[in-house]
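Lettered A, B, C, D, E, F and G in written order, each chain numbered from 1.
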């Protein structure tokens, strides 16, 4: 039972890791690719690591720490990268995109409150 | 939200670091525990200013309890998000309707907003790009509502209740 | 048991190849960086999986290092692109 | 294991050649980051966790920032 | 076997970058590739088929099952040395650019090799 | 053209070497000489569970001293080269600040990176890792702070003093070996302890902690030298 | 009982001072400049203490980690190594005294640390008994040299530094690969142990690792096809650094080649090849030096020529040849270091490196010019000086090298000596008999610069007056070097 569940999680993770990479190829523009990659690979790595933790019960705590770190760090880099892409004007798929409030958001006021 | 006193934050940092030391070493041998205390005390000297603003207030029972409930809910949302994503990627017609929308949040603390942003990033169809004061710029892969209020309800509604309690 | 491991490795390798493909064809730098991002995440999972295959508990530490540090590399490039530093 | 190392090494070589051939230096740097990542995996396959960890901790962030700073201080395109 | 091939190809690609490419950054990338290839070569020399990492982490791991620890220790040293060389080279390139305003070695007077 | 010929010559040399290499040193075969001695005597002589650590710090400790010295020299060289190059404070205001998520996220992750780095170099004799790895992890932590808060600098005086003191610790602990008993540099004069406990392997953990501090502060110094010049100017 | 004469202190003491400098630099940058002289002085005293021991035992061995040699790194000091260590410490002491006044650019604290590290690395290279440790010491030396070459941060030095760095890094990688091949072949890294185990190898099996090690070290030692960096790098550094680089650093690389060839590989079959390389180096260096206008560049090319000279003598393979090589090393190190120091002192007055601008300064800078002449005469090998004896020994050794081409070799050597004399005489002629340019204010350099090279000059004069003991000692050293069994037994004897 434990082994079954562990392998289930492993394969679940592998499927999503693959899916993230596949979405990376298939989706039309940077932002949607980013959606796919961030979500799917994070969950994929998370559940693979947990699967290993369940297969080897002694390792569970450490695997949990790895998984926690993945959850903690993935959004930080992706948001920074996405904002960078947006600001430098990486084109988005004009046909499909329905609403773009980014200009409004960034031009609201000059960035000066930053710093601390 | 005013800052807690230095000592308060220091103690909080030491506790957090010590717990994570125990998790990282994944053992309860005495020597590890002793060294863990020393290391956490030393590391906390340099970092208590960064980790937290509210200090020990994070550790009230109610908050911890909500955190415990929140984590499974959050994980469930992550899994849902991925099935959603899988559908959008694999479906031949590729049902996406992306857009950048602004949402509004009532959370006041920095860590609260960070948690909200992280949650949004990893949940169905949305990815936070930037946070400014009480507004978040979100990339939404299937825009359902273009107005601020509607989008806020659709995206943040699931988490804000929890996060308000957890991070004040 | 080992067949299962092989299939896992096969799926993940396919993921790696796709990510590298994106790094090759990516029309601009941000797309390539996403490829790197995906590659690091896959690598973290793969490190843990190697620990399972070799049955050595201590190998997990390596993946902990990547788990904590990999995002810094992406962050550096992102900050560079938006003329951050 | 041999097949996995074949795949990884071929990918590594492709990335190394890419990093030399890219006209955009930033892309070359990204490819170098990926090369270091895969070398680290190979070290683990060769049963050298210490070395893998050293490569991971240095290659993940430190060499990347060194390259990026060079590109920052100079120019991004190779003419 | 394939590890040797990989390491040698890395070294060859690095040499290619140093000799043929005319961009200073490409040259330091080549230096880095050479040192990475060397590291890979060293570690693969120490590999023993079916061996495991030389760490007595739990009972049941015997010295006979382990790979050679010496090349790994050497590689640790070599990696850090490579990183420090890289940092120094990067500093040199940045200042060369300050003086000349170009990364093309054909335009730098003393570097036409 | 000459370059291409040169490269072809080099390439043929490399290929020839590769073929000779295969014949001489088959992959995966046991080629151990002194390695076997280390594996068999490590527990008795040093008490470190990680044989690589034992080799790096004990049997070949002088190499490690040299390596740390190389890093020190590189840090000094970088700081010579970047000494006082257009530290123009005005340009700092033009730059884009990092977004909220990066700032707050890195504030929260930074303590964990420091803690994890310390974990790596304290457990250098038990698990993979050690001074270099831990030190570079800590330096990456400082790098993260630089990315999230451009304009802030670490205290260079403190870094330099840490660096020097860590180096002194290494040399002094090594020199104690000369003056006590064995007349031998880096002699492991502490009790060895039991295998796989934290307090074991004699002076090795102390040396690794010193190396960790040293490597961390040196890399942080290199990054500081490079980053600050970039933050303050350098753009054409 | 405190054992003050453990040779490992030669490494530990300077490193202690380097790290001490790092600690005190944030508080007082000026204080760091007094640390290198102290450290080099202590090193010199230690080496002098070691002389009687080496004379008595032949090779002294120091272990690390309390474990017997083949299993831990060991330090093995024999006659050649010790004498090079003495030269390194002496030159380091004198150049760092010279630095006290000479270096005015910031950041001085880093400069002093790197300078001390350079001296340490050279000492380390010549006394280590372990192949990989040799690589590490090589890296310590070359990385501090890269930093020092770029110290002035102007166009020339940055270019030269970068070129040096690229070539030096490739050389280091090649050396590393060679060392690792040795490890793969023999399973050990200790020089003596390798030497013992490699005896059963055939010529062809030795060729692969040897060629890698030779090429790697040859780049640092500026052997013929690989020396494009040297004429740029040595002049670009501050003069005191150039004196160390030219005086002892290339020599240390050559020492490593000698050690590898004679002690480790026992590779006499390769000597015709290295004879050729040495000859080409000699011809290339001396002829290029003849056409230089820049005084430091001329001295740098002359270094290449001298390197070829003593490498040639060494590759003859006979006792007399090695004796000549050792004497030439001694002569070259002292004289060339002094010439660079004097050139630096003159440049501070003339503000130019062009030889034409030096005309007539012999009348104003009397001490400097006279000592320049002494150094040049010694380097050329004019009779009263030590260089005469060394060149004589080399020529006798060449005559003894029974080969069809012997006479050709001798002719080439003599001709190159003549060329060397020609360019030095040209400089001295313009210095003493040229016309002083009008409107230039030239006076003797400050005593802080003069005293160090005067000390060195006195050493050279002493050698000129009493050459016999040194010749005897060098004979002993050469004999010891040839009989490698002594070295091997001394290192592995405790087993």
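What we mean here is this: a residue touches a chain if its C-beta (ideal position, glycine included) is under 8 Å from a C-beta of that chain, and two chains touch if they have at least 3 such contacts.
Quantities reported herein were computed from a predicted structural model and do not represent experimental measurements.
Chains making contact with chain A as well as with chain E: C, F. Just to note, of E-G and C-E, the chains joined by more C-beta pairs in contact are E-G. The distance from the centre of chain D to the centre of chain F, with each centre set as the mean of the Cα atoms, comes to 19 Å.
The mean-CA centres of chain C and chain G are about 48 angstrom from one another, to the nearest whole unit.
Rounded to whole angstrom, the centroid-to-centroid distance between chain D and chain G, based on C-alpha atoms, equals 38 Å.
Spacing of chain F relative to chain G, judged by their CA centroids, is 30 angstrom.
For chain B, the set of residues that touch two or more other chains comprises 20, 24, 117-118, 128-130, 132. Of all residues in chain C, those touching 2 or more other chains are 16-17, 33, 35, 54, 56-59, 61-62, 64-65, 68-70, 72, 75-77, 79, 81-82, 84-85, listed in ascending order. Of all residues in chain E, those touching 2 or more other chains are 3, 5, 11, 15-16, 24, 44-47, 52-53, 55, 57-58, 70, 72, 74, 76-77, 79-81, 83-85, 87-88, 90, 92-95, 98, listed in ascending order. Pairs of chains meeting the touch criterion: A-B, A-C, A-F, B-F, C-D, C-E, C-F, D-E, D-F, E-F, E-G, F-G. Residues of chain C that touch chain A in their complex: 4, 7-8, 11-12, 14-19, 21-22, 28, 30-31, 33-35, 37-38, 41-42, 44-45, 48-49, 51-52, 57, 60, 63-64, 67-68, 70-72, 74-75, 77-79, 81-82, 84. Against chain A, the residues of chain B that register as touching in their complex are 20, 23-24, 26, 78-79, 81-82, 85-86, 88-90, 94, 96-102, 117-118, 121-122, 125-130, 132-133, 135, 137, 139, 141, 143, 146.
Contact residues on chain F toward chain D in their complex (touch as defined above): 50, 52-53, 120, 128-130, 132-134, 136-137, 139-140, 143-144, 219, 222-223, 226-227, 229-230, 234-236. The touching residues of chain E, when paired with chain F in their complex, are 1, 3-5, 8, 11-12, 15-16, 19-20, 44-49, 53-58, 63, 66, 68-70, 72-74, 76-77, 79-81, 83-85, 87-88, 90-92, 94-95, 98, 101. Note for the complex: chain F touches chain C at residues 95-98, 102, 106, 109, 112-113, 116, 120, 127-129, 133, 137, 140, 143-144, 146-147, 150, 227, 230-231.
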